[in-house]
Amino acid sequence: MSKSAASKLAEHVRRATGVDVAECYQCGKCTAGCPMARWMDVVPSQIMRLVQIGDDEAAARLLSSAAIWVCAGCLTCTQRCPKKLDPAAVIDALRELSYQQGKVPASQRKVLAFHKAFLKVVEKAGRMSEIPLTALYKMTSGDLVSDVTLAPRMLVRGKLPLVPKVVRNRRQMKRIFAACRKGDRL
Amino acid sequence: MARIGVFICHCGENIARTVDCAAVAAAAAKMPGVVHSADYKYMCSDPGQQMIRQAIAEKKLTGAVVGACSPRMHEPTFRRAAAEAGLNPYLLEMANLREHCSWVHEDRAAATAKAIDLVRVMVEKVKRNRSLYPIRVPIEPTALVVGGGIAGIQAALDIAGGGKKVILVERGPSIGGHMARLSETFPTLDCSQCILTPRMVEAASHPNITLMTYSEVEAVEGFVGNFQVTIRRKAKYVDWSKCTGCGDCWAKCPARKIPSEFDARLGARTAIYRPFPQAVPNKPVIDREHCIMLTKGKCGACAKACQRGAVNFKDQDELVKVKVGAVVLATGFDLWDHSAYGEYGAGKFADVIDGFQFERLASASGPTGGEIRRPSDGQVPRTVVFIQCCGSRDEKVGKAYCSKICCMYTAKHGMLYKHKVHDGRAIVFYMDIRAAGKGYEEFIRRAVEADGVEYVRGRVSRIYRRTDGKLIVRGADTLAGRAVTVEADMVVLADAVVPRSGGEKLAQLFGVGYDTDGFYSEAHPKLRPVETAAAGVFLAGACQSPKDIPDSVAQASAAAAKVLGLFARPELEREPVVARVNENTCVHCRACIQACPYGAVEDHEIRDRKGHLVRTVARVNEGLCQGCGTCVAICRSGCIDLEGFTDEQVFSEIATLE
Amino acid sequence: MSTSEAIRADAARLLAEGRAKLVIGYRARGPHRAPAFVSDPAGVDVLIYDNLCKQNLAVYLRKPEVRSRGPVAVVAPPAVMRSLVVLAAESQLTEATVLAVGPDAYHGVLDLAGAAALLKEKYADLAPSPELLEALAKLDAMSPQERARFWTDQFAKCTRCYACRAACPLCYCARCIVEKNVPQWISTAAAQHGNFAWQIIRAFHQAGRCTLCGACEAACPQGIPLMLLNLALSEEVAKQFGEKPGYDPAAKPVIGSWKPDDDQGFVR
Amino acid sequence: MAQTETKTAEAAAAFQPRIVAFVCNWCTYAGADLAGTSRLRYPPNVRIIKLPCTGRIDPLFILKAFEGGADAVLVSGCHPGDCHYTSGNYHARRRWALFRRLLDLTGIDERRLFFSWVSAAEGQKFADLVADITEKVRAAGPLEPANPARRRL
Amino acid sequence: MTPLGYYPGCSDHGSGRELGMSVHALARLAGVELKEIEDWNCCGATAAHNLSHDLAVALPYRVLALAEAQGLAEILTPCAACFSRLKGTVVRLARSADLAARMRQVTGLEYRGPLRIINVVEFVNRLLAGGLKDKLAAPLAGLKVATYYGCLLSRGENIIEGDDAENPASMTPAVKAAGAQVVPWNFATECCGGGFSMSFTDAVVDLSEQILADARAAGADCIVTGCPMCHSNLDMRQLTINSRGRGPYDVPVLYLTELVGLAAGLGPKELGLDCHFVDAMRLLSRAEPRPA
């Protein structure tokens, strides 16, 4: 059933996730349980509210928010939502939209860099390996100094395999990544 | 020969705009059996009704069809007019030319053709109508009130005050209900017991009221005006005719650690007990599940202590049959069990309590003598968190509804706490404040402004108990847009109001409907809020929906007024739309008996003059039959018919449409 | 001992001991089988049982002239026992004595409860013949117009002799609906619409009751495939409501009871 | 070819189906009233026969309607759980579930026999329902005189 | 016995290697054959989930399609993160034929499904029920364990069948079988910060510290988990936490498989016990052979 009152953003979210944000009555339980809320510029219940509003201002605020990248995807909000909604999925949808539209805020450069580095490694090798991932991440994020002391200790414990494992059928990986690519973005 | 009159209403322009009323009247005039046909601007007006009356008298009509609005609108009006002119009202039928025709169609020709069809159908039907007469049933002018809380007490007192007899049945050992357990009441903060106990005593001593405590309804037969109700008087093991209520027995009872229901498990009681000192009747019963004598066969300390020899371990349940004409259900509510909330500790934290427990802590007659001390260690909590909507408005636990009373009692709790612990913090987590009662909003503001109760708008996601005993409450402040963590010493959950356990079974006994939450259904949400679908059964209090004391009392008085209204006449008139069995052709396959939603079809034995059984057939009890016609359609040999909607009538209606 | 011999022995004993005043069974009439009514122990020799015995003898148990004879015993294959169980569920009889036969064995003399128990234990899954199932499937595969044409042709044969009704033990109404004339729902003329209404209502009045004994179709002199209608409804009753009539003497009528979760996919 | 198609379409448009509706007094009749008070529009092809409850509706009614020329029959009452008589509609539901199988088997298929729940509050649903089934029956065409249910003189 | 499909996940050879080692050790002991999916690829983890919903399904889809083609019906996925991706994909594909069709197109591979994906807790419980319980010869008597489920074994589709999302207990039987006891604590399902270890270390440090603090307050000798991400946050990041002047904490963090392996008397090297950042070898002394 179409609900004419829903905003375009809300409609996008509904199609992507099945969540009808109109059902949210703003109790705040998602915010209350969110382990990452204190690092969020827009807390989960506000995210739901802004999707309900869904006008340009709300969309701009949401898609360039740090919060959607700060979400750890722990699903505590979804687990406890008294309306059986799925705020985590809503945030997933917003995050993808934010990335597609190039609205990721500068503050989240590191998070984005990590995700992109991760996928780059997987695209090339089919599997993630710690050394290429860390190298690529550090290069693209500029975060060069952190954790330098950890690497040797990981090495000692056999947790930094020097020879990365790779998928044999690399053509298949290439095909999958190509098919999932939207524009120049994954 | 049928002499039918047809009256076509224009309803101003409402019908006439799309339907050619004169053409309809002209067409009707040619229908077989029609001897009079007219159209008029407003048939329901006085002159319009006069036209009908006049035609009935002058043309000696044997039936009339009014083509006008929906019969749901004016059928009573026109039938009354027919009766005034000496025509049996059930010989008048209406054709719905407005709601079902002129208002929904645009094409004048098609609408007029349809209007003629609709009139023709009704003309053919009315030719086969029979004069019907209201069914009269004598009324037993005694009422049964089920539930001895404030609603039941009020209903009983009002009915008794109206001069009619009342039987007041209560499941527990005392009347008083939840109200007896409350400390103070909002919005006036007057002492609950102080205003209630005089009412309890009055109910017990009223000459028109028979009190049956420790009793439950077991079975119900009959129908409005004539219910036969079987009541189980549970064994009390104490002969109350001998008992003086002196208390020697419970003083000697060795089973002393039974959690007190009255004190919401915060206090203890004995196995022979009265639930609270002001109980009415003020006499004890023995709880057979916990009595050492009754479970293990030895003890008898109470019997030895009783100087009047009132203790009787051989007492048995007793079934009592009473005849009543009306019933008021006032079975009240319970609090939802929050142990289903794993995120709030699944009921395992002693200091996470419910509203009743807080009432008992705050009550001067409670286990702490009115001091707020937390259950785990008896310490005075310095920070108390109150959480509203616990279970209510939570579809995850299947409760979409608002429990209505929690906003107010939580404010009261916050206030009472602040009055008793001046330097303590009372923090209320709420979603919305619903304070739409007289003096209610002012009360909430008083809690915030005068007493310093802190209100935080947001739900709580989780409560856990740190090793130091602090309860960590993780909530949200949605107005500030942030998560909030409170280190609390005690948490009070405003658990959802749910119907009393066993309520569904009771509803089924009386044929009363209930919603998915188990609350009893009223006959109409707006216009018949105290009646039920079962004639003669009325509702009072929280069994219908969450209610506070003023609402419960108001509804109880309304139910009493309904009962007194019913009892004001010696007999009852019912619509004669009932089923009848042709006993000559009935073969007693019993399909109708099994299908009837009201148990109105019964086995009937036909005997010869000497009393020998000839055969058994089905027979409809007119008092019980509501006229749905389910039995009629189920009868394979067509032995049952429904007055007003007979096979012949329906057959001719269908045939007319060819 | 063959089944027929066993039946004769039991019948003779029942009559001799007075436990039955009348034994209803089957006898041979040329290549056909006809009902036999035996009231003398000496007359049991006519009784036989074989797979040609198709008539549902339960039909006689409600006839006053039979009942007035005193206790009756009846030779009952599973379909007959099921009919008796339905009759009991519909308060048409309280007791029965049966000489229970199965396609594979003779089970001796049983009362109603014994017959019900035997049915549940041994004959819980009586499958209709493959030919019948196939015929129904074929019919279902047709277009609505083709089905209408099929039945137009079939019902056109009906002469309204009511042999189908007479053969059915469950057609026990004192006055059949077709004989109700105020109003006359079903035309009694042997014409298209009356025949249709009669056949449809006859089948529908068996819904949830019919035990698929086949007596109606066997009795039809015109060879109208009535079992197609009966089977379609039986399958529907089993599928939709999980009911199989004729096993529980205390069963509630399928039409006349309900469950809140009965399928309503077809309701808009 | 194109010409015949146009002709058929014209014939279909000209065909005014006759639909008989058996409805209960408390829900669907009231729902139809609401459609009226809300001034909704629907085609004038349905003739309503009011009964107290769907429980009263005997399959004989439906046969009689088809026999006399109805192209389709609608049966409608209260939603499950809402029956004014608590369970008449549950009884009816079982009856229909079986009866429709029988009619389908004999050539009156689901394009001609409709069942619905319409509450007193569902004026819109009633109007939509009538519009929809009128279209469906129009598309299906008249129930042929050769149909075994029809009276043939 | 038919072999159990095995999806190691990328951390198997690196940061989470002791999980894989202990899983294999237990399987060997129980006589269960693990058959690694040939040429498996990364499940996409949080990165794909965050940047491309299609990719987040397509990567696991390839794994499922390979497994099916290799004749496997059940796949053990010891890493809770991979488990979540694989099981989520199975569920979504079963729910939407559209999605399945699109994935067929994207990958060019055929998956009919549904395959059954089992996680490490289900795996251990199954082994125990299948007779491993009787082989636990060296019970860890008196060892107090905080069972840590985190997000990926307690919520959404990942919840272990029959378990309670708020108060999970599916690891309890295994801990008890190992002779140890489960301490009641508050943080069994709280988030550790998950995949933010590198990119948002501050959050991981804060969240993980709370978990460690509560486990310690509850008197736990160690934390047991089933997720390599949680493990690395709680174990490896314990050093970071301590280096930031908090704590100091010294709480060994074990995989459930390691704990059960210890109780079975398996060697520390076989279980990967020597790969931990916080010394776990000391727990060895708790495993005492049952007197004969």
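As written, the chains take the letters A, B, C, D and E, and residue 1 is the first residue of each chain.
By our rule, a contact is a pair of C-beta atoms (placed from the backbone, for glycine too) under 8 Å apart; a residue touches a chain by one contact, two chains touch by 3 or more.
Just so we're clear, the structure is a prediction, and the values are computed from it rather than from any experiment.
Identification of common neighbours of chain D and chain E yields B.
Minimum number of contact steps separating chain C from chain E: 2. For chain pairs B-E and B-C, the one joined by more C-beta pairs in contact is B-C. Placing every chain at the mean of its C-alpha atoms, the farthest one from chain E is found to be C.
Taking the mean of C-alpha positions as each chain's centre, the chain lying farthest from the centre of chain A is C. Chain centroids computed from C-alpha atoms place B closest to the centre of all protein C-alpha atoms shown. In terms of their C-alpha centroids, the spacing between chain A and chain B amounts to 52 Å. Each chain gets one centre point, the mean of its Cα atoms, and the points for chain A and chain C are 69 Å apart. The mean-CA centres of chain C and chain D are about 34 angstrom from one another, to the nearest whole unit.
Inter-chain spacing, taken between the CA centroids of chain A and chain E, is 22 Å. Shared interface positions of chain E, defined as residues touching 2 or more other chains, are 165. Within chain B, residues 343, 595, 634, 647, 651 each touch two or more of the remaining chains. Taken residue by residue, chain A touches two or more other chains at 76, whereas all remaining positions touch fewer. Chains touching one another form the pairs A-B, A-E, B-C, B-D, B-E, C-D.
Residues 25-34, 37-38, 42-43, 45-46, 76, 80-84 of chain A are the ones touching chain B in the complex. Listed in rising order, the residues of chain C touching chain B in the complex are 90-92, 172-177, 180, 182-183, 185, 205, 252-253, 255-257. Against chain C, in their complex, chain B makes its touches with residues 584-592, 594-595, 616, 634, 636-639, 647-648, 651-652. Those residues of chain B that touch chain A in the shared complex are 343, 389, 393-397, 431, 457-462, 474-478, 481-484.
Listed in rising order, the residues of chain B touching chain D in the complex are 70-72, 96, 98-101, 103-107, 110-111, 113-114, 117-118, 121, 511, 513, 533, 577, 595, 597-598, 626-630, 632-634, 642, 644-645, 647, 650-651, 653-655, 657-658.
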